[in-house]
Structures are given as structure tokens and as C-alpha cells.
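Going by the order they are written in, the chains are A, B, C, D and E; count residues from 1 in each one.
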Amino acid sequence: MNLGKVVGTVVATRKDPCMDGLKFMLVRHIDPEGKETGGHVVAVDAVGAGPGELVLIATGSSARQTIATQNRPCDAVIMAIVDSWEIGGVDKYRK
Amino acid sequence: MNLGKVVGTVVATRKDPCMDGLKFMLVRHIDPEGKETGGHVVAVDAVGAGPGELVLIATGSSARQTIATQNRPCDAVIMAIVDSWEIGGVDKYRK
Amino acid sequence: MNLGKVVGTVVATRKDPCMDGLKFMLVRHIDPEGKETGGHVVAVDAVGAGPGELVLIATGSSARQTIATQNRPCDAVIMAIVDSWEIGGVDKYRK
Amino acid sequence: MNLGKVVGTVVATRKDPCMDGLKFMLVRHIDPEGKETGGHVVAVDAVGAGPGELVLIATGSSARQTIATQNRPCDAVIMAIVDSWEIGGVDKYRK
Amino acid sequence: MNLGKVVGTVVATRKDPCMDGLKFMLVRHIDPEGKETGGHVVAVDAVGAGPGELVLIATGSSARQTIATQNRPCDAVIMAIVDSWEIGGVDKYRK
């Protein structure tokens, strides 16, 4: 999974019918220090994430293993909201 | 999913029979500011996208989850046409 | 899919039995201007492509959706030979 | 698979129910010389790896082939703890 | 598939039970000129490749399509040993 920060939303009314009812979030990748890497992805939200929250993104076929995304043309999903992480016992992020 | 801009079309008459009837679009990747990143992909169109439109691209096995692309050797599909996106409440793009 | 140019062939007699009878082509990636990007891939040929031809490559599990490659340990397939492409109505390549 | 070093843990209480009970580890990629490459991934631990250990990471759909991760939205798994590796008969790492 | 050169072996006794009996090889990526690119991967050996041999690597779900790797958390497999390749009719490598 990748660490990311939710920064915005994408609206698309004309889409594959399978995608109806799903919410597209714009997520910037972050590194273990919490800094943005410059990368980004548009991910379906499966956990009710809001702007500014740090999240975990699963990609590829694994992005279709949530109830929300099963059998849909979705290749990236927010499947967790991050509370905290530590490196070597030192907190790098705490919500 | 990736943000992209449809810039052209690719014609291929000699192809795997499974791909008959599908339309190949040339799509340039764009970043959250709407700028081209330099990357590109050839994607099957599942939503009737036209030149100049901003779209969402799903890749990998997820690209085979639309009715148009099921069980076909297709690894990238346009599965939505973007109306708008915002970052931090500020519109970055509106059609 | 990726645009590529067939530049050579790879011979491998000792291989997984599932790969018997398949032809490995050496393909260089090209960009929408027709220039080589520096990247390359070894792909199974599913359409009878020859040296110098421009082709479309599908990768990942989608590379196993042709009759030639089904259930085989193949992660890249030539599934179309490109006749032409255009950007903004201007031909960038015509065979 | 990729070589990695476990450097920390990620806590996420709000997540897809399928991910309950799984442990997220922060893993930095390392190269064959044992140096960190700058890349990282958040992986589910399927083998009881601890901080500082060198591990193998499987990604994509293969990350769902352990008992712990089956049918879950998980795209990276620690599936082995590395004891040693050698290049040209010379030990590069020994636990 | 990717061209690679087998340079070493990785030993891991503590691993997912599904991986028992499989051999992990350290493989450096090479380009069509036969030069190392700087990239590498740890791949399961399905064809009895030895150190110094040039091989083809399949990745992703395709890495699970050999008898040795079926249903295992393996995302890279050596599925062929390269005898030779040519570019434009000129041999670039011959074993």
C-alpha cells in the first residue's frame, strides 16, 4: 500500500455505469517523513476519508477487493485512514 | 486512476480478434494542476470521450471490468469523463 | 497499451513448457511523436508482427487474454499492429 | 519480489473490515548491496517480521496469495524473512 | 517480460508455507545491448537457471502461471533461459 494525503475531489458524471455512486478522491503520495513526493493518484473512497486525512491506498486488482469496488473498473482505493506511524519507535505522524 | 487528456486516436486494423470494434485513444497524463506530465498511454474508450476532453484512466486488470473490455487484452480504459476537480475547495478544472 | 517498435527477436529453448511455440519479440517503447523513449520490453507476438513494425503492447494479466497467451506466464503481448495515429487531427505516423 | 527492510509500523483503526487483524509494516526498499534505494511501501506482515529485519515483499495480486491476505484489499505482503544472500559466491548479507 | 542476468541467490527459511521448496534468485535487469540497467528483482526459478545466465522474467499475476508458482505469493518468475537475441539481424548476445 502507499501512504497518501487526500487533497481534493474529482467529479465525473459521464462514466462507466459500474462506477455510479462511488466517490473519486485526489490523493497525493507522501513519504515516510510525511512529505509529498510529487506523485498523485485518483482513488475511490471505501472508508469515508475527508480532505487533509492521511490514508492508505491499495492499487491494481487489490483495489477491487472492498465491497464498494468489487468488479468495478477501479484500480486505486482508499482502504484505511492512518492514525499514526512510527519509525524506530519514534512517532513520525499522529492524527 | 490517472488523470489524462485525450489528444488523438490510434488506428490498427490487424489486431487480436477480441479487440474488434474497440476505439484506441491516445491520452496524455496530466497532474493535479492540469499540466501534462510527459507520460502517455493508449487506452480503449468505454464512455465516448472526444479529443480535448479530460478523463480518468483505469489500468491493469481493472481495465477489463467495463462491458466493452471484458476478457480482452486491454490494459488501459477510459472509464469516466471529468467534469471538474478541486483541491482544498478551489476549482482546478471545470469543463 | 503502450506504443512500441519491433526491433528484434529473442531465442530461448529452455523455458516453461507453457511457452512452447510462442515467439518472443524485442520491442522498444516509442512516444506519441514516434521517438524511442529508451524503454523496452520482450513481448509475445499474437498478431504476426515483423521487424520495424509499430505495435501496441498490453501488459500484466491483460497480456494473457489472447488465444496465444491464455494461462501462460506471459506479461507482455503484441496485440495489434499500428496503421496510423493522429494528434489534433494531424497524422503523426502512417504505415 | 523486492528486498526490503522493516523500519516501522502504521496504525489505522478506520479501515475496510477485510483488513481487520492485519499488521501494516513500513518497509524501505534496499538494493543488492544492502543500501536503501529511497523507495518504500506499506506491507501486510504474513510471517511475523520485526523491526530491522530484511524481508521479501510480493506486490500486486500475488500479495493476496497468503492465508492472511486472501481476498483482501492488500497489494503488498511480507512473505519471507531473509537469512542471507550472495552475489557471485560472496555473501552480501547474513543475518 | 524483462531481460535479466542471474547474479546470486537469496536464502529465507522463515516464509509463507506456500513458498517452501522454491528457489529465490537475485536477477539484475539488462538492456537490449546487454548492459545492466541498475534495476534488480528477486525471482523464483522455474527453469533451473544458474549464476551468470541471461533469462526472461515474467512479473505480476503472470508470474503465477508456471507449475512451480501456481497460487503462491510470487510476483516474479524466471520462465526462460535466453540462448540469443538479435536486433536488426545483428546478434547482440549468443550464449
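Going forward, a contact is a pair of C-beta atoms (placed from the backbone, for glycine too) under 8 Å apart; a residue touches a chain by one contact, two chains touch by 3 or more.
If you're wondering where the values come from, they're calculated on a predicted model, not measured in any experiment.
The fewest steps needed to get from chain D to chain E, moving only between touching chains, is 1. Residues touching across the chain A-chain B interface largely differ between the two copies, under half of the numbers being common to both.
Each chain gets a centre from the mean of its Cα atoms; for chain C and chain E, those two points are 20 Å apart.
Note on chain placement: the centre of chain B and the centre of chain E lie 32 Å apart, centres being C-alpha means.
Residues of chain C found to touch two or more other chains are 60-61, 63-64. Order of chains round the ring, counted from chain D and going first to chain E: D, E, C, B, A. Chain E makes touch with chain C in their complex at residues 1-3, 31-32, 46-48, 56, 58-67, 69, 77, 79-89, 92. On the chain A side of its complex with chain B, the touching residues are 7-16, 18-19, 24, 26, 28, 40-43, 51, 60-61, 63-64, 71-76.
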